[in-house]
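Worksheet: one structure, shown below.
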Amino acid sequence: MTGDARTELLISCLADRLAGCRHVAVGAASPIPAAAALLARMSSEGRLRVSILGSERHNVFTDGSKELFDCAAQGRIDAFFLGGGQIDGQANLNLVGVGGYPRSPVRWPGSFGSAYLYHLVPRVILFRLEHSPRVLVERVDFISAAGTSPAHHHRPGGPEGLITGKAAFRFDRALGRFTLTHRHPGVALADIVAATGFAFELAAELATTPVPSAATLAMIRGPVAADLVQIYPRFATEILTRPSAPRPDGLT
Amino acid sequence: MVEHLPKVADSCAALAARIEDGARLALAPDYSGCAMAVIRALIQRDARDLHLVGVPQLGLQADLLIGAGCVASVEAAAVSLGEQGAAPCFTRAVQSGAIMLKDSTCPVIHAGLQAAEKGVPFLPLRGILGSDLVRHRPDWRVIDNPFAEHDPILLVPAIRADVALFHAARGDAAGNVWIGVRRELMLMAHAATSSLVTVERLAEQDLLADDQIAAGVIPDLYIDALALAPKGAWPVGLRGAYPADQAALAAYAAAAAKPAGFARYLTDWLALPDWPA
Amino acid sequence: MVEHLPKVADSCAALAARIEDGARLALAPDYSGCAMAVIRALIQRDARDLHLVGVPQLGLQADLLIGAGCVASVEAAAVSLGEQGAAPCFTRAVQSGAIMLKDSTCPVIHAGLQAAEKGVPFLPLRGILGSDLVRHRPDWRVIDNPFAEHDPILLVPAIRADVALFHAARGDAAGNVWIGVRRELMLMAHAATSSLVTVERLAEQDLLADDQIAAGVIPDLYIDALALAPKGAWPVGLRGAYPADQAALAAYAAAAAKPAGFARYLTDWLALPDWPA
Amino acid sequence: MTGDARTELLISCLADRLAGCRHVAVGAASPIPAAAALLARMSSEGRLRVSILGSERHNVFTDGSKELFDCAAQGRIDAFFLGGGQIDGQANLNLVGVGGYPRSPVRWPGSFGSAYLYHLVPRVILFRLEHSPRVLVERVDFISAAGTSPAHHHRPGGPEGLITGKAAFRFDRALGRFTLTHRHPGVALADIVAATGFAFELAAELATTPVPSAATLAMIRGPVAADLVQIYPRFATEILTRPSAPRPDGLT
């Protein structure tokens, strides 16, 4: 798969995860989730509200940067995307660093709002393009946001699943384990197993992530890209609307 | 509106002089209102031992202050240069132990400021339990919700900054500051003991005279001093005024990737004869 | 801004129909935004067992609803007709025990709404200890501040209303509502499950399109339905639009001083063929 | 004393209590305290800030009705005026009712913000025009706001004194008792004692409340009245600027 086709596949795949939502919020510096949210909004005929941090157009908040978090706690946000420098088999996220704390040899910016939104947004979709053993680890070095909580904790939200550049996993909150449900076109199961640092379940029927329809591709390359250009100009113009390279296998 | 005593200071240096060494200084993130011209003046006056609070995260302002050796500690949900990647001076200072780090998460910062705004010692907050942040923040508490059974909940302490420093589009002679929908700047001002502000321009009229404008104004009651600083947020942007100068930010990120590069960048930046307005 | 689905309802009666018997209903004080035309529609539809929350106090709206027998309980820092004196139906209902009263104080109402806004079960608040209010509010708690020693502090529970009902100057087709500096209306909307709003007029443009206007806007995200109601706060006033009609308020106070007078007033008021816009 | 002269005396007397303050807030429906605050502001050459609830001109708050209370807790309000249907010898205030609770035979509107501001504003000046045994009682029927608190309670604020239509008292927070310091011109000590339902101390030297100077009267009748007319039109025009009736004793 070329980069562009994979990007389109991921946008489509993430958008599918928003079915039935009334309101999805997207954090800063998240072009693929933002594109997915806009695609899902177009497919919903405007019923899905999209709030994109960093956007002036797709952001109605008027009460300062606390409003997103208050809004989530009020139950007015149905879905959010989170990633992490490390994600482990219990869906714990690490956005802080690797190799000891606080003087981490590998240090990332910090936890942002993950520790909170992960607990309060009902459908948190984990997304990380890189699918490798250094990202998908058995146990994160630092828990920025915990994948699961004791049953008596107040936790209306949590992880729904994980989508990477290679595959899609569903997360079972009661078991605290991922199940591999989809491999992306052209990715072998053995490749996924080798690239995943944590143990996971295998769905009874391992599906292939459906490639976006021609209509979906047209939406991504047309109105979604046009809408996204204000927030992610490089991404929108260079990736989404660039004339496609010849695709030997029809897609990839 | 009634006129209050004017508060317009003469220069960014005058504002920087009001921030004492050792002060707890609340700063806005790069997407909000950064008083970059005062940050430069702080470095020029060789400020020391500042305790930065990111509202809720920090960007270029913090990286410059840390690189210049002005900072003793940082409390923030994150420090980064956004699209330009990691904040290099911050990363080095964390790894060398040169600064004390109080890793947080966005809503804790907001709640801590709201506690200060309300004059209460703490605020409760949902979520967060199970995060290693809680283990590393001995100043946070987990209690059983007194209104329920078996319901642990996090309490976070008030964050009272000595100074809130930020940049905004407009101010007036009395010291009223228009911030529009950037209400985190109002929260900072309410929560801090004193607030120092730079503005793009001075409005002729009283910003509180018209309700339509007043809705986006921090009243002078909270503002201790104001300085005019056209393009005062540069190279980061100011909503409604100018976007971030991505080329300048990329140049900074590239230079600051190595300590020597940062040192050269800082020397040049401090020596700029005029602010690039 | 992106267009959202329109929310303009056809009538005040349609808004009143969305407020179910037994609902917990947050209302603004007479100095803020009173949706008086919907109050009339509520009485016309013979609403029952409403639980009123005053934000933080109540005036004419509450007195009318109480007098008309629509109210089961009142939680407020005060109920009065301001310069026109005591609220007569409220006073009678308290004295006869016809309504359950949860006497409060302004900052407790605000803190309770802020707790609901933040999705937390409670908020702490200074002061108030030693007041008999605390003795009569078993839903409040006094704990020892976990961040200090021997420091009792009041915790007040979140106030989650089913519906926030208020009146404002402007709305737009998407349901955005301009409230200017009357931010208690925004707090009400954030804290309530649903918000119903009447507006003086419908703006042609998107109220969120211009930052100067947007700073005073409650976004449609929080607004469930909107109705046009010119002079919809009458006889109380609306900031920037019209002052209170003191003659009409005095006439109400005089009539309502006795139950029979109130009954006649109510009959006449409900029978008014047109809203006096 | 005619009503007007007494009003002017009280305005002047309340204004004197604001000396040294940076910020005084005045609640709704309080014309005499509002006039006093404006008078004090004029005397301070603008150094005293006045916030009058219900005023658009003298009110800079832009964060809704909670802002006054937050502002007080931040220590940004130095003085406030409170009254009450009953005030007792321990400076407890009752704004709720008399004769049992909740079904009080005499019921007032409610406690408003008294229970809070009384604890947080350093200098709370109690003001009640009516000086009678039914107002100034030994013990209030309902404590809306407590006059004193245990020493370990967080209480930066509290009562400074009480001014009525007859006299002025200072309050000793440690002792929890009032001391009569001033009687208004023409009021006998015996009259004050008879009209006061609580026991109080007597100052070593009982002073007479100073009558406002000609300059002060000119300020009250001129700029203060002109400023107040927007908030209290009847009070400003009928009381403060009405041509004075002949005053047999020169003042009263």
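Odds and ends about this structure:
Here the chain labels run A, B, C and D in written order, and each chain numbers its own residues starting at 1.
Everything below uses one rule, namely that contacts are C-beta pairs under 8 Å (C-beta built on N, C-alpha and C of every residue); 3 or more make two chains touch, one makes a residue touch a chain.
Predicted model only: the values in this text are computed from it and were never measured.
Between the interfaces B-D and A-B, more contacting C-beta pairs are found at A-B. Taking each chain's centre as the average of its CA atoms, chain B and chain D sit 41 Å apart. Centres computed as Cα averages put chain C at a distance of 29 Å from chain D. Averaged C-alpha coordinates give centres for chain B and chain C that are 36 Å from one another. In chain B, the residues that reach two or more other chains under the touch definition are 114, 118-120, 125-126, 151, 153, 181, 186, 214-216, 239. Annotation for chain A: residues 61-63, 69, 73, 120 touch two or more other chains.
Arrangement of the chains shown, judged by which pairs touch: an irregular graph that fits none of the line, ring, star or complete shapes. Against chain D, the residues of chain B that register as touching in their complex are 1-5, 116-120, 176, 186, 190, 208, 214-222. Residues 111, 114, 118-126, 141, 143, 145-148, 151, 153, 155, 157, 179-181, 211-216, 239-240 of chain B are the ones touching chain C in the complex.
Only residues 23, 46-47, 49-50, 57-58, 60-63, 69-76, 120 of chain A touch chain C when the two sit together in their complex. By the touch rule above, chain C contacts chain D in their complex via residues 29, 31-32, 55-57, 76-80, 82-83, 86-87, 91, 94-97, 101, 103-108, 110, 114, 125-133, 136, 150-153, 181-187, 239. Those residues of chain A that touch chain B in the complex are listed here as 28-29, 54, 56, 61-67, 69, 73, 95-97, 101-105, 107-120, 142-146, 148-149, 152-155, 157.
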